[in-house]
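Chain nomenclature is as follows: A, B, C, D, E and F, assigned in order of appearance, with residue numbering initiated at 1 for each chain independently.
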Amino acid sequence: MPYVNIKITREGGTTPEQKEKLIAGATRLLQEVLGKNPATTVVVIDEVDTDNWGIAGQSVTNIRKRQK
Amino acid sequence: MPYVNIKITREGGTTPEQKEKLIAGATRLLQEVLGKNPATTVVVIDEVDTDNWGIAGQSVTNIRKRQK
Amino acid sequence: MPYVNIKITREGGTTPEQKEKLIAGATRLLQEVLGKNPATTVVVIDEVDTDNWGIAGQSVTNIRKRQK
Amino acid sequence: MPYVNIKITREGGTTPEQKEKLIAGATRLLQEVLGKNPATTVVVIDEVDTDNWGIAGQSVTNIRKRQK
Amino acid sequence: MPYVNIKITREGGTTPEQKEKLIAGATRLLQEVLGKNPATTVVVIDEVDTDNWGIAGQSVTNIRKRQK
Amino acid sequence: MPYVNIKITREGGTTPEQKEKLIAGATRLLQEVLGKNPATTVVVIDEVDTDNWGIAGQSVTNIRKRQK
């Protein structure tokens, strides 16, 4: 009965199909590596605004601006 | 000074009244079972889109479709 | 299929019986308030050292010392 | 490579400039106190609706009403 | 720069090799599905005592006892 | 009433004094940037084994070995 939380930046639009793949893939990973029961494996995806995600001391919004 | 995080799917609309009951109930539970001070008990509720919540290897969006 | 995370300080020893009560109580709360299915309600309890829990700008270890 | 999660209520509007300061400040704190590498320090800010944040057994929405 | 948190019960001993597989697998999943950069993908594994993990209103410790 | 969670690897020993500085510093940051009340600011520090922390697809245990 594992619980997996995936946090990603909300950029360019993650599609429902991609989310299905994340959920299926994380569930399969826990089953293959640890034999965990898929039926009770929970996956929660959080999409975070680029203003609210920081790395190296600045927001991703800022990093993306400089990359342009 | 406990911290309680409740994650639920965003479906059908959880009302402010229901959220009050979750907050009051979780706070009371910690007081009754462990004698924790309600004044410093924090409860945070996260409502998660059904696309972003997976169980048994698929999203709740998908599960709800099949249930219809 | 809610997910509840309860964080408390590790002080004086929380017994397995108390943890059972927290798990049962949180599960019941979600069922009573939102009609959530107990079978898929997950509760995770984190016990945190008092050195690692801060409120009002200082650790609980420090606060407990001053209270004596 | 620390990970810092800051949860605040969504009230009155936290500006992108304030978020930059939180990100920069948290990253600097980890560098100054523990010598952590800023390049791999991640900061995620969650803004939570006042309906969804409880303290002392009631929502912040309710507390704000009574304070008026 | 995703952040993945995997919570599992501490049972029977998860080996360092299995943890490496979880880390590698989760990182690869984010790269394959969303094109995320592995270099900045963080994975944190939490192992939780069976007393502290509840499902269906009771601890996993209790569930395991009944299964014997 | 912010909640701050700081996750760091458990390496070389973080002292209680360093933890006090993290707690005080995070609380001050929220006060200075957003005017948040220190009295209700909660900080929780999680120390994670290097086997359980991954970056760039491998555990920190592995990364440290290669760095030697």
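Rule of thumb we're sticking to: a residue touches a chain if its C-beta (ideal position, glycine included) is under 8 Å from a C-beta of that chain, and two chains touch if they have at least 3 such contacts.
Keep in mind it's a predicted model, so treat the numbers as computed, not measured.
Undergrad: Chains shared as neighbours by chain A and chain C?
TA: B, E
Undergrad: Between B-C and C-F, which chain pair is linked by more C-beta pairs in contact?
TA: B-C
Undergrad: If contact pairs are compared by residue number, which of A-C, E-F or D-E agrees with A-B in over half of them?
TA: The A-B interface is reproduced by E-F.
Undergrad: With chain centres defined as mean CA positions, report which chain is farthest from chain C.
TA: The most distant chain relative to chain C turns out to be A.
Undergrad: What's the call on chain E versus chain F, same or different interface residues, using the half cut on shared numbers?
TA: Because under half of the interface numbers appear in both copies, chain F and chain E meet with different residues.
Undergrad: Between chain D and chain F, what is the gap in Å from one C-alpha centre to the other?
TA: 14
Undergrad: CA centre of chain B versus CA centre of chain E: separation in Å?
TA: Roughly 21 Å, centre to centre.
Undergrad: Quick check: how many Å separate the C-alpha centres of chain B and chain F?
TA: So the centre of chain B lies 26 Å away from the centre of chain F.
Undergrad: Residues of chain A that touch two or more other chains: which are they?
TA: 1, 3, 7, 22, 26, 40, 42, 44, 53, 55
Undergrad: Mapping chain-to-chain touches, which pattern fits: line, ring, star, complete or other?
TA: other
Undergrad: Can you list the residues on chain D that touch chain B in the complex?
TA: 7, 48, 51-59, 61-62
Undergrad: Please name which positions on chain E make contact with chain F in the complex.
TA: By the definition above, chain E touches chain F via 16, 19-20, 22-24, 26-28, 38-47.
Undergrad: Which residues of chain A touch chain E in their complex?
TA: 1-9, 14, 18, 21-22, 25-26, 29-30, 32-34, 36, 40, 53, 55, 60
Undergrad: Enumerate the contact residues on chain D facing chain E in the complex.
TA: So the residues of chain D touching chain E come out as 1, 3, 40, 42, 44.
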